[in-house]
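Next come two complexes built around subunit A: one with subunit B, the other with subunit C.
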Partner chain A sequence: MAPPGKKFLRRGFLSCPLAQRLSMKRQRLDYALFVSPALAIMAVFFAYPIFITVYFSLLDYSIVRRTKTFIGISNYLKIFASDVFIQTAYNTFVWVVISTVLPLIIALVAALLTYHGFKGKRLFTPLFSLPLIFIPSSTAILWALMYSDPFGLVNHLCGALGLPRRIWLGDPNTVLPAISLTNAWYGTPMTFLMLLAGLESLPLEPIEASEVDGASTLQKIWHILLPMLWPIFSVVALLRLIDVIRSFALIWMMSQGGPGTASLTLPVATFKTSFLHYDYGAGSAWGIINVILCLILSLGILFRRREL
Partner chain B sequence: MFKKLIGMALAIFIFFVLFGILLCSEGQSQEISVTNRKGWRCTEGIKANLPNFEKASGVKTNWIDLPPGEMTAKILAELEAKTGAFDVIQASVEFDIAAYYRYLLPLDDFIIKKWRSIKDFKTMISPEAAKAIEWEGKIYYIPFHGNTQFLIYRKSLFENPEEKAAFKKRFNYNLPTPPKTIKELTDVAIFFTRPEKNLWGLGIPLGGKYPQHFLEHVILGAGIDIIDLKTGKPDFLKPPKYDTTIKVTQFLHDLINKHKVIPAGAKTMGHVEMREIWKLGQLAMAFSWWGDHWDKLTSDEFAKAVGETGSAPLPQWPGSPAGRSGGRMSIWSLGIVKPTKNPEAAWKFIEWFVKPENLQTEAKTSGAASHWITVDKDSAEKGLLAKGLVAGLPKSIPPRIGFIKEGPQIITAFIEEAQAMTAGTISPKSMVDNLGKRTGEILR
Partner chain C sequence: MRRTILIFMLCSGIALLLAWSLTPILYAGIISVAGFDLPTKLGVPKDVTLANYIEALSDREVWKALINSLIIAILTTLLSVGTTVPASYVFSRSRTKTSSLLMLLFLFFRLFPWIALAFPIFLVMARFRMLDTYLGVSIGHSVWIIPTGIWYMKGFFDMVPKVMEESAMVDGATPLQTLLHVVLPLAVPGLITVALLAFFASYTEYLYSLILTRVKVTPLPVLMAGYLSEFKMEWRKISAISMLSTVPMVIFYTYMLRYVRRGMLSGMIKG
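Right, the complex of A and B next:
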């Protein structure tokens, strides 16, 4: 049976006796009252900062130059016209692709393996999830040390394998892939746990039916598990994507966006402009660009959920 | 029902009265919050003396450690938002005065009360510090820390007869101890570079902002400012200075890429990492902010590892003005935040902080100078300061970029361009041209 539409409800509401209508009205008021504290908190902690950042982004607001004048969208135009924006957009793209795709592939393989079960599965899951206990700053210090020369483990391994030693974080060609790899290491366990939870929540009947029909493990994965997991996988991927776009600590602590602007991403550019140039206006504009990007992806998640 | 309401109103009234009393009593207590660079060796000794100050003055002091990279940003954000989070701030005056001064209390009255007159006070501190702490005729800071970059060298290597003979044979003059010209510095660095033995001629930290620190030191030493304060235009773009700036940049580029005298790993190192490489005995000379580490470098632990460490200012760039040994002086100072509730307590703290015994503690725990002439003289006589610092600091100058409002943007541009040049992305000439272009755009 189709759910009652808005028109039907309105007609129903009007055709009710007055007492009943008043009771329904009061009920609605009660709901609004219940929701209002949460709405107030949302307004203070979410809506206001966004509103104020949008407002700042339309100002020439520098605490050093002592300016706070309305300049419309000039900050945005200046950013879009600058060479730094092109470099930053490219870096953000590389950063996002490596830091998202790599953990997704590794986590998916690990989750499928764990789902199927193997000897040592109980030990594997907590060990694989170990990076979760680190905070981003300690991860950054740990990996910066691993990449360093002459102390770093990575160069020792390269030496042992007969590969040339590199200054991973000092070379514009390797700095971003190196930090992205760190981010992938850091982000894989959470992706793995979410995918594993998704796999374990799938209905068993189709899988058992495919086993009865004699499907091989690969066929089972390709034709049954992956299609069933796809809605969950796409949400996990989008969540990971947003997390990567927003992430700041790793890059800031490992390279500060350098050398030059070789690892400058949107959040790092936001921080640098706001807190190193003390230009809150342009910094807010960088921040809003980042928020818009995240918003587009969040809408992707919402649409995805609606489809589900 | 009515009784209940009365009871509730009474309870609320009592709560507010008690809360008000509590607030008032807090307002009357002498409590201040002071900022500090987290993990800074120079102030660790002073921090340890803090209970003595609290006991003697009755001023409760919240010592707030802020990460160095975020310190200025955090302080400025709090000041702009008027949160009242800090009463006394620590700042690197040579960079931050243009940003900070309007949030700070002029200290002239306090200074006159304590040291009779501003003139008398200024004679007690180094001339460059006296200039840097002043903005539009008023004094906003009291200095407590002075430093400049200088050269250290391994005496055992330089005094080794075999090394001396080998150097004379190769370069036709005696091994200079320490090098006194840029050519000598380059020759000595080339001579001691032996990658097969894990030994490099010259260690210069090149990670983060350090390439800019090196370049600015040599450029300022050569009599070139980034900004000419008189005209407000880039000084390094003027014809003869432009060529010199490119040559200085080329010099660093050659040390890294042509002569390969600097260990490759230096590109991601700061001075702490460089100090550890020094301890491993992998460097013959090293240039950095050794005033923050002199106690370590001269400790038994280091002496056992690499022998005695000598120090000297970096040689002057050819044709530099007389009396300059290099630039890039740092002047860390204390200022009082304007809306502080306790200006008297804040001043008491500053008075205590810059007492000679505290400033000498700083020299003991790190090897840094203070910009207070008699204290530094005494510390130098006691051997607490490196010869390189004692000789180099009075001949240094603070960077002038901090004295203009566009300074922070120009410094960031300089750091980015210097990093790109060090990483090999752009040539030395491109670095100078890019910096000129970006500086022009920022100033416009």
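Right, the complex of A and C next:
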């Protein structure tokens, strides 16, 4: 409580301890009421489903096999021993590396350029961020068109360069890199805007001091800007990493995890097991594996945030 | 001489960056105005026409999906703003252990993999008979927006000075009156941010729209994704539809760009 002001003293009633305690109690009750709608939704549609997932992951629960029996952790053991898991883990790794590293590099270069400033900078930022206006489904359509066989730009370019034309999304060797590239394209503007905002929030004194001392632009970037940006950069990178690991829409829309298991990543495998194979036990176990992976990475964010 | 090389490198770098961002958009734009013949080699189409856009706009399915999308997005916005604002006000003002623990929990929820809960949420919605209803999809979307919204909104409430609400409390205002008449008017930018965030998160969402809808309330992203799995694709028409689907997103895009200029995005990273 703040020190009592004039208004407070004027009201003799409120200054008596009983009334004060009553109003404190009243406030606590009101606060509880304020939080309850959000907590209620989270409890019914978040906490309870988590509970169900954990429970189902310990069951042999399948519509096809008509079973619902407790089997402990066998679902997990079966998944870890399966070929699909190894393929999925490898795919997830490729997917994550391409669609995290590529946008981070491109966005960092663009952000440093924009921060350094050039003629037409005011036009560059909105143009470079233009992919932001597309929703994931439009992005999938745009890039499916780019990769399509007779009409796609990628195949036109291949034809012009004398390379063989391909069905990029139908070939097990190219499908995953192709969709990763799409995801990289889609993620670049947001990463760029965050890094640019990070650069612009840096204190100006060390940068100006380095200019006074006659540092070249490259020296300034390498020795001053990048080390100062690092805490923000690492959080942006971790956020992007988690977003990529849990992303489902682009792969599902463009290839449904196929052909075969060529573009199966963790979320797609989870979805397929539950909704296509109706194997709810194994599907829930896949889901829990997703959760554990994301939890570990969010701990990373938690530690980095302390330094910001 | 060195200067010329440097300027040349700078220009080509900028051109490359712009090409990366704009090529797919330009190409889909060209296809969306192409006439009968689609280019099978590198080059521009022979005839340019707006017929594809007219065809897309006269498709009743598209309109219905768009309206469904907007209804779901508005419902989601109301739902998440309505629950987020009072909760984050409490989190901003209360200094108890419970409240900081809950905030930490919300941070984890924010980074939770949606897919893990897809099937159980589907079951819960089925039990409540809310599959294929606007409210069901909106709740499904809100669950993912509320944690993020609470973190943003708390940041905005933290910036509102406490002096005014303390004097309001002393004058006998209830916490609800204080929130509505004293604190909220000072946190309007935050309110707009969370509302926009909720609206566009819902407008772009795919996974929960896919599993919680059947036919009645199918939103635009699900309809558009459906075109991709069709056997024969009408590239001209669906390019036109992808172009048209961006129209509401322009608001979001403008707001994001203004954000950067005000240096507010860094709060997003930290918050």
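Before moving on, here are some points about what is shown:
The rule is short, and it goes like this: the second predicted complex is superposed on the first by the 256 of 308 C-alpha atoms of A that agree within 3 Å, B and C clash if a C-alpha of one lies under 4 Å from a C-alpha of the other, contacts with A are read in each partner's own complex, and residues count from 1 in each chain.
The rule is short, and it goes like this: a residue touches a chain if its C-beta (ideal position, glycine included) is under 8 Å from a C-beta of that chain, and two chains touch if they have at least 3 such contacts.
Remember, predicted model here, so these are calculated numbers, not experimental data.
Considering which of subunit B and subunit C touches more of subunit A, the answer is C.
In the superposition on chain A, contact is made by A:66 with subunit B only, not with subunit C.
When the two structures are aligned on the shared chain, A:300 is found in touch with neither subunit B nor subunit C. Residue contacts after overlaying the shared chain place A:206 against neither subunit B nor subunit C.
Look at A:130: by the touch rule set out above, it reaches subunit C but stays clear of subunit B. In the superposed model, A:172 makes contact with subunit B only, not with subunit C.
Of the two partner chains placed by the overlay, only subunit C lies in contact with A:197; subunit B stays clear of it. In the superposed pair of complexes, A:256 makes contact with subunit B and with subunit C alike.
Within the superposed three-chain model, A:275 lies in touch with subunit B and with subunit C [touch as defined at top].
Contact with subunit B, but none with subunit C, is seen for A:147 once the two complexes are overlaid on the shared chain.
Common to the subunit B-facing and subunit C-facing surfaces of subunit A are residues 144, 148, 150, 256, 274-275. Touching subunit C in their complex are the following residues of subunit A: 1-2, 4-5, 7-8, 11, 14, 23, 26-27, 30-31, 33-35, 37-39, 41-42, 44-46, 48-50, 52-53, 56, 106, 109-110, 113, 118, 120, 124-138, 140-146, 148, 150-151, 153, 156-157, 159-160, 185, 188-189, 193-194, 196-198, 200-201, 232, 235-236, 239, 242, 245-246, 248-249, 252-254, 256, 266-267, 270-271, 274-275, 280, 283-284, 287-288, 290-291, 293-295, 297-298, 301-302, 305, 308.
Those residues of subunit C whose C-beta lies close enough to touch subunit A in the complex are 10, 13-14, 17-18, 20-25, 27-28, 31, 38-42, 79, 82-84, 86-87, 89-91, 93-94, 102, 107-109, 111-121, 123-124, 139-140, 142-143, 146-147, 150, 162-163, 166-167, 169-172, 174-176, 179, 203-204, 206-207, 211, 220-222, 224-225, 227-229, 233, 235, 238-239, 241-243, 245-246, 249-250, 252-253, 256-257, 259-260, 263-266, 268-270.
Residue ranges of subunit B in contact with subunit A, taken from their complex: 69-70, 72-73, 76-77, 80, 98-99, 102, 198, 206-208, 263-265, 267-269, 273, 277, 282, 405-409, 411-412, 415-417, 419-420, 422-426. Chain contact summary for the complex, subunit A toward subunit B: residues 62-66, 144, 147-150, 165, 167-172, 256, 258-262, 272, 274-279.
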